[in-house]
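The letters A, B, C, D, E and F name the chains in turn, as written, and every chain counts its residues from 1.
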């Protein structure tokens, strides 16, 4: 059995990262997971929100959004509706937690990073692409901050790298990096955020169809760790270029 | 090492369920996980939202909220702020998905269940208490619907039961059912939703401090399955009384 | 003629007050007027809003809300609708004014009390139950503030007690403390807030059906003063226990 | 003792009503209570909201608002703030109830009246001026509806007239129709809505300072009934002109 | 060919300005362009918003709104809808820019002017009436500020006057100051804001029907400059009276 | 005198149009005016909003938005603020009017086009780039609709093309297509929307600094017509490719 696009079950889609896409942001990456395209920008500001002032630690937060016609059917804008939906909130919070897991806030010092992940085109896996691209944007913004003298020369604000990938069970078979047509058919859907060292930051598994057992969970985690390692390698290569 | 309240690491707090607390709702339960108290009501309506009409299937949704002084420091009301926060959205969606996982929508027929989970007092684990109590309220509302003739005599809308419990790692030690003082200290925090048959509906693990490895994840899942079984037994006993 | 629940026209429903229901709030009371149940919490904060700073006086405010399934038909949450309705605003303001009428703001000093009245179950008279219970919660919060040293040992922030009761005319007959089934049939509906000394704080009479004359108004006020005295006695007994 | 503007305690301010001020509305009145000026328009629509269709009865509702610089200090617009305040809600509801009290909804038939009361200049008593002027606007809009054939030739949708006036106790003395400088000094403030026949529609008394006793309440009601009769006479004269 | 109201193509409607209409505002004007009536108030505050403090310059801003029944069909209030519409935003911004164009912010000093333009009755040209009336209100408020000593005796905050008028092409013929019945038929609609010296502040032309050519544009600008001069003369006369 | 980027006063920046950038939308274009980049998508839906049903005409509308870090300083998202700002409203309306000016709604039939213009990177002229790119996206979406049979084979919904460009006066010199650094220095700023035949759809000139006279206005219009012709040529070439 092969997948709709010819991949094996443990294959990622084609992943590309255009580092420095934005001329305005301190760090940025336009990342593609197949047809899913997310523009990630990292805005570095010297200083922290009022409630953190004087504590010697920094702050990292993230916002996720989809363009109205990133999807096959046009969605109404959340700005027009006047409120942010639950899914948007949930993913923004997930991205923020994932990034904070690899930042040493003391080493960051009293600086703020706001990461914006805007989905330009959606074909499944937008949140995992967002996290993976956001790490690259954040890494560059941190170096910008170091160049400007806002971060000490020898400070190490990054304690690890972070990437994310989706896995799911379709017709009983565990698969890596689901495209949209796979995602809607999956019985179980899991997003896994892993560090460059192979540790878990987030494991979010949901039975969309039938509940899943321990063996299925284990098979999904195996796939995710493999995919995460590939994404980490690509991040390293991108930042080295 | 014992816990602040004398429990062993694999002990639940004292769990009580007051079934039928509300005189207004078709099903209800006031559930306590220690000092955490959640009022769960299930509102049964014959009929479905417009977008589901004529499809022969039902709908189950949930809303979660905290009273402003359920917590140690008073929180502003979301109605006063004019918007629902990300955490509230996230938990409402989790409760809804968890309940839908054990409902056969065809057997439910064109009926709607709205489950409200209002936290009267909070001491950690409000979302897991909410799911556990919501199942009891929902089960009673379904029987109400059967009595009224909205659900067939032999229809089986419930295909399993569902309960939830939190687990976490504190000072390197996995623990079951965290109270608030434990929750704030946990390096890793996981909410696990399991069915009466011991299958997973949701697994949501987050590294609040350090990322976690595969062994830690396994230990947490073991604890959660044990706690889930105990909660299931209590649900069964409550509904049998 | 007797009422649907066997009461005489000048009888209150069964009134119970569970003082100190909440483990979190500085003062609290779960009050029942028959099947109407309102959880009242009083949050004491040392300090006042910015616009009052340095004036040597305190601040008391209140918020009222109903759980969505406190009523026979489920209501949408105001947090979900994104706006507070006129009725909620009106009642919150009434409770606040009623409580402030018995507080000496100078004696309170620069401290703030926020009273939350959340209706857990509604069967008519929720605003009058809320005021009556809120007074008990507030009295306890003030003693908490005195114990903590935020209020002087000999300061007397409470200059009187306050309670409230509804009265109405049904089929031409004045009645005390209307239950929901009575409330919907009343031609005239009045909420009266009285102090422990028998003075009026608020008199709000509305002709729901036919306008009323001076004699009817007088009969309603007589009933209300009687009911207010009974509620005052219960408040005194509760706070003495 | 005379008042700041030379009035006796039982004198109204100068009251003027410009009937038909608006060229757009079916009925309108620009009413002045001294320096308080309120533009009242009545919009007549054939038909009723969906929830009333087919019941053979009409609907009357009202909205109240203040121009931002109607007051001595400019207020922010509620449209800019994005939410309507409690006071605005409260007064809109009061005006609507007052008008509905004198309309026979069956005789109105399936027609809708929306009354807008916009305060152009405020100097105390804006809600009472609004009710008094709204009645005139409504009466003219009803005649417009009769002329157009939406209301039967012999139908009597108006069963009485309605007017309103404020009363209050200042330095222990009951006074009629308070101007702003009096209103802020009043210990007790009462708004009374009366019909042309001298019956009460609303009695809303509030102890702003000290609670009030039965004698004071009676004195205030006496004053209000007198003022209401004068306003009724002016309404009659205006509609006859 | 004459117009529906007998005017020539280059005639303004009857223009009246009631200077000082409001007893509350520092400057005010009730302006009529035929049946269009706009109440303009100017609120003078000593001081500026925080972001301008210490820069020695002032601030002028404007807000535009329409009463719900200023128009032939009642519109919903923007405060009730909870959001301001695009047209309202657009016109408020236009009025603010127009007024700022004739104010020397240094000469104004650290003072703030808020101009409110509320349309009481609408018959086309509400934004041009608003600008024309707002200038008169602003001029008076500036003199108030000078009298109070907030503006220096010899300071000249007004560097010119400003007025506005609409022009349009109807059936191929350019016309001045369109009434509503003309406005809806116009192929091209232009609002022109001019100073007393005959310079342009804003030129906003829109092809509602067919696009327009250079000759048509020139004819419209000729008409607008003529109308602007007439309005300027009226403003001068009004402020001299 | 040359400009900061070496252009002559009547030079456009480098303009590129990537037609069909989006795999999801029926028509799309990623347009660049120098460093300004706007993603334009056109969503074609068979059918019209309810208020247009049965009239045989179509509907075209547009929404404009900026990504939070499209600009040099990060802006808060309008979805997070819960309201759309005046500038966004104004530009969305301008784009919609400009596109509708070249569409024959009868020939479009009962079909709806929603054009989304999202600014990915901003360097002045975002609204003019948006209009110019939106036309290309719209043209392709119309052909999609013709291919699907929603538009007749011989119907001509496009009656002309449309493009837009900014012009301004800097240090007294009229210039074409302002970049951001020029825009902030301009005394007068004008956006001109022209059709392929050289007619005006919109002329919006604003004196940001000093008011402008008739000669300056003419010089700006000359520049704009020249730039518009160049943009038209590029649109034609893009759609022919």
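Throughout what follows, contacts are C-beta pairs under 8 Å (C-beta built on N, C-alpha and C of every residue); 3 or more make two chains touch, one makes a residue touch a chain.
None of the values given here were measured: they were computed from a predicted structure.
Trainee: Taking contact as defined at the start, I'd like the list of chains shared as neighbours by chain B and chain E.
Mentor: Touches both chain B and chain E: nothing.
Trainee: Looking only at residue numbers at the chain D/chain E interface, is the share used by both copies over half or under half? Answer same or different.
Mentor: same
Trainee: Tell me, please, which of A-F, D-E or C-D gives a repeat of the A-B interface, judged by over half of the contact pairs matching in residue number.
Mentor: Of the listed options, the interface copy of A-B is C-D.
Trainee: So, comparing C-alpha centroids, which chain is the farthest one from chain A?
Mentor: The most remote chain is D.
Trainee: In whole angstrom, how far does the Cα centroid of chain C sit from the Cα centroid of chain F?
Mentor: Centres of chain C and chain F (C-alpha means) sit 59 Å apart.
Trainee: As a quick test, compute the distance in whole Å between the mean CA positions of chain A and chain E.
Mentor: 51
Trainee: Return the distance between the CA-based centres of chain E and chain F, expressed in whole Å.
Mentor: 28
Trainee: Specify, in ascending order, the residues of chain F that touch 2 or more different other chains.
Mentor: 82-84 - these are the residues of chain F that touch more than one other chain.
Trainee: Please classify the inter-chain touch graph. Allowed labels: line, ring, star, complete, other.
Mentor: ring
Trainee: Chain sequence round the ring, chain C first and chain D second?
Mentor: Cyclic order starting at chain C, direction chain D: C, D, E, F, A, B.
Trainee: Residue numbers of chain B touching chain C in their complex, please.
Mentor: So the residues of chain B touching chain C come out as 22-25, 28, 35, 39, 41, 43, 45, 63, 65, 67-72, 74, 77-80, 82-84, 88, 114, 116, 118, 120-123.
Trainee: Going by the contact rule at the top, pick out the chain C residues touching chain D in the complex.
Mentor: The contact residues of chain C facing chain D are 83-87, 89-90, 92-93, 97, 101, 160, 190, 195, 197, 199-207, 210-214, 217, 221.
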